[in-house]
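Both complexes shown next keep chain A, but they swap its partner, so chain B is in the first and chain C is in the second.
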Partner chain A sequence: VYQVFESVAKKYDVMNDSMTLGIHRVWKDIFVHKMNPSPGTLLLDVAGGTGDIAFRFINYVRSARERQLQRKLKNHQNLSWQEISKSYQEDQFKSLGDSQVVVCDINKEMLKVGKQKAEHLGYCEGLSWVLGNAEELPFDDDKFDVYTIAFGIRNVTRIDLALEEAYRVLKPGGRFLCLEFSRVSNPLLSRLYDLYSFQVIPVLGEVIAGDWKSYQYLVESIRRFPPQEEFKAMIEDAGFFKVDYQNLNSGIVAIHSGFKL
Partner chain B sequence: LRCQLCPPQRALQASAMVRTISGEQKEPFASSSRQQFDSHPADGQPQQEPQGPRPSYTGQGGQESEDYESEEQLQHRILTAALEFVPEHGWTAEAIAEGAKTLGLSAAAAGMFHSDGSELVLHFVSQCNTKLSELLEQEQNRVQLGEAEKKPTEQFLRDAVEARLRMLIPYIDKWPQAVSILLLPRNIPSSLTLLTSMIDDIWHYAGDQSTDFNWYTRRAVLTGIYNTTELVMMQDSSPDFQDTWRFLKNRVADAMDMGNTAHQVRATGEAVVQGLMGAAVTVSNAETSWASR
Partner chain C sequence: GRAGLSRTEPRARDGRGREEEEEGEEGCYQLYPGHIPTSPLQKALLAAGSALMALSDPYRHDMVAVLGETTGCLALPNLRNKMKHHPEGYRILQERPRIRLSTLDMTRLRGLPDGSLGREYVRFLEDNKVSPDTRMPPKFVDDEELAYVIQRYREVHDLMHTLLGMPTNMLGEVVVKWFEAVQTGLPMCVLGAAFGPVRLSTRKLQVLATELVPWAIRSGRNASCILNVYYEQRWEQPVESLREEIGIFPPP
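Here is the complex of A and B:
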């Protein structure tokens, strides 16, 4: 797994766009919308290499925070101007409202690309980059509000260990969210999808990234991943409650969600 | 520490847990409003017997007490805790997140509910209806024991509606938002069920035994009175909502009158018919006697 992503790191984003025809952006947007994070949330994004989820989270929390501040102002309209300016000063330095993202990845190259992207796009506060293995996270128990893993869990050798680690590091009430390729239920779509995956994607991989094998591996790992209901059962086995999934594009991608209660 | 449960064991405990919980639910209609919460298998410690644990809090610590209750109970607790944040945040997911935080859970637990706060409003309405039923039950007991006089229907209805509407007072600023949420197409089945069963309750305790068409007219009339009074209350700024209670009194009086008027109309109709019959008989008698002359 490590070598696959070492070679893939630099071209990761470009390949994502070409393989999914840009729809992966929409999937990730829907994913963060479903999370609906409030300001002050501590997020752990595992296998989040190039930071897509992390950046979206920060944007979301920033606008949520702005709305929150505006609402507070509206409620305070009968305060004196001195009190209002005092409250400005308190809130000014918290444009994110204490929210934080920790991006964890097994691969240094992916993290490097992610850090560069962050600088390039201007994300400076609220981000941390940590090297770590999803099966054995370098964090304490009961730390995070939300644990996300987007298109990463199918690459984990022992999925059950990763789920248990997710359970461990989440606070009580915390949420597990997983965005991953899954089983397509519609038979017609399934045939088209298979055709596209096995014929087109490795070719794109060769043309754009110069790497046929890695993308062959990618497509095969998607097929090997358990279908929605089975994955849901695995999540429940790890101890999560209210486990549910939502199919996007009739099963090409699914969002699984569970709570540690 | 949580132990891993194997699926067959979990299924057994799930059915046991659901049995215990459903036995504790007072109002049957409250569970119908929970139709969006599917009955997920509840969890418990593996050492428990399959009888189903009672929600006791003498467990190994504050944290463990969550094991003894089902997901639904926890959701109810979160929603109840969230109610105190409604005046500040409105009927929203933020209020639910704040409620979860007071219970020691992460704010992400609010993700269990819909992001528009529907469940919070429905939970509150259901809670109010339960409280109303309890109040009416207690009153009925007092009357049966002879400690209180049985109220005339008009006053009974007035007091019941006023008691129910007074429960809205702490949230009255954000109540228009709640009404709009209740009217969302997705929520209409649930909110309608809650409304009709509340009206049903009131008439039941008012002593309504009718099984004919009157049942429908009475329900419709009282629903109309309740809804209009609620609307008046939302824009009432008089001290202690006096204007609202006066409006309520007038509407209930109107409804009573309407009943009387209908009765009177019928009585008058009957009288008119009898008069005509009498006149017809007199005329025919007169004709007979004239013919025999």
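Here is the complex of A and C:
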């Protein structure tokens, strides 16, 4: 799997746009909206490679923070101007409101691309990039408010270990969120989806990235991943409560959610 | 990493196997190292995609190679037959010589007299800073012998440059493509010959149209099949004599 992503890293984003015709952006937007992070949230994004979730998180938290500040100002309309300017100073450097995202990925190349993207797009604060393995995270227990893994868990050899690690590093009350390709139940759509996956995607891989085999592998790994209910059971086995899932596009993609209580 | 071949793992869902077979016998087995079996639909998509990509990004030599493999279904068997029915070509098909740095004795070739095939070939490689090892191995040809034929065509390409006296710049490559198009009938050569000149200046286009292309076409038509020459056994032969033997007119 490592070698697949090494060769895939640079063209990852281009390939995602081509393969999903840009729809992956919508999926990720919905994912972060479902997360609904408030300012001050500490997020761990695993297999976050090129930073798509992390950047969306920062955007979301930033606008949430702005609304928060505006509401605060409204409530402060009876204060003196000295008190108002003092509160400005306190909040000055907290455009993110202490929110932080740690992007963790097993692959150095993916992290490199992510860091470059962050610089290019102007994301500087609230971001950390850590090299690590989802099956054995380099973090202490009970540290994070939210754990996310978007299109990463199907590449983990021991999914059960990754889920246990997710449970471990989350604070009590923390939320587990997973965005992943899943099972399409509608038979007609399923056939079309298979046709597209097996006929078109490796061709796209060859033409755009010069790499047929990696994309053939990606398509197969999607088929091997457990369906919605089975994955839900696995998440429950790791100790999460109130586990639920939401299908997007009739099950092409699903968002699974669980809480550590 | 496990970037393994398609369909070697058992499927978790029922009916998967049936569906795979309906989609074509892709993923059954490799016919040669590097072979990727493809369905007709995939070949069509590859041909279209590689053509577009090769046009938009001329540095994607791998796309030119893929285009050649996916469109060569008529031309390649034709070439193979030409080789089979020629004594030297037949021997090449049997012995499957490969032109690679590891198989060539560069010092010996360099020591050959000026004007000999070996000496001029080495000179060409050094002047243009190219190596015979950069040729793409075939992936999408579904016949093991035809895969060798296209591999041979790729490896002989540099020798074509030598025999035609053309450098590796855009102009030289286009001229060689015209020659190869006439010689092999490969759609990729025809497309390359037709679209290659798009990136040339008008002055070069003029020279191309008035002198080089007509000469390339005449030579291509007159010459016997270039794949039927066992070049590895002719290093000492003077280039001019080989040109005459094959039927290539002297370059302008």
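Assume the second predicted complex is superposed on the first by the 261 of 261 C-alpha atoms of A that agree within 3 Å, B and C clash if a C-alpha of one lies under 4 Å from a C-alpha of the other, contacts with A are read in each partner's own complex, and residues count from 1 in each chain.
Here is the rule we use: a residue touches a chain if its C-beta (ideal position, glycine included) is under 8 Å from a C-beta of that chain, and two chains touch if they have at least 3 such contacts.
Fair warning: this is a prediction, and the values are worked out from it, not measured in the lab.
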Superposition on chain A - do chain B and chain C clash or fit: fit
Chain B versus chain C as contact partner of A:191, first or second or both or neither: second
Which of chain B and chain C A:35 touches, first, second, both or neither: first
Touched partner set for A:74, first chain B, second chain C, both or neither: neither
Which superposed partner A:237 touches (first chain B, second chain C, both, neither): first
Chain A as apex of chain B and chain C, Cα-centre angle in degrees (nearest 10): 150
Contacts of A:145 with chain B and chain C, given as first, second, both or neither: first
Which superposed partner A:261 touches (first chain B, second chain C, both, neither): first
First, second, both or neither for A:204, with chain B first and chain C second: second
Touched partner set for A:223, first chain B, second chain C, both or neither: second
First, second, both or neither for A:173, with chain B first and chain C second: first
Nearest Cα pair across chain B and chain C, whole Å: 23
For the chain A and chain C complex, residues of the former touching the latter: 1-6, 191, 194-195, 198-200, 202-204, 206-208, 210, 212-214, 216-217, 220, 223-224
Residue ranges of chain B in contact with chain A within the complex: 2, 4, 7, 40, 43, 63, 66, 71, 74, 88, 93-94, 97, 100, 103-112, 115
In the complex, chain A residues that touch chain B: 34-38, 40-41, 68, 75, 145-146, 170-175, 233, 237, 239, 241-242, 257, 259, 261
For the chain C and chain A complex, residues of the former touching the latter: 1-6, 9, 11-13, 16, 19, 23, 36, 39, 41-42, 45-46, 49-50, 52-53, 60, 62-63, 66, 139
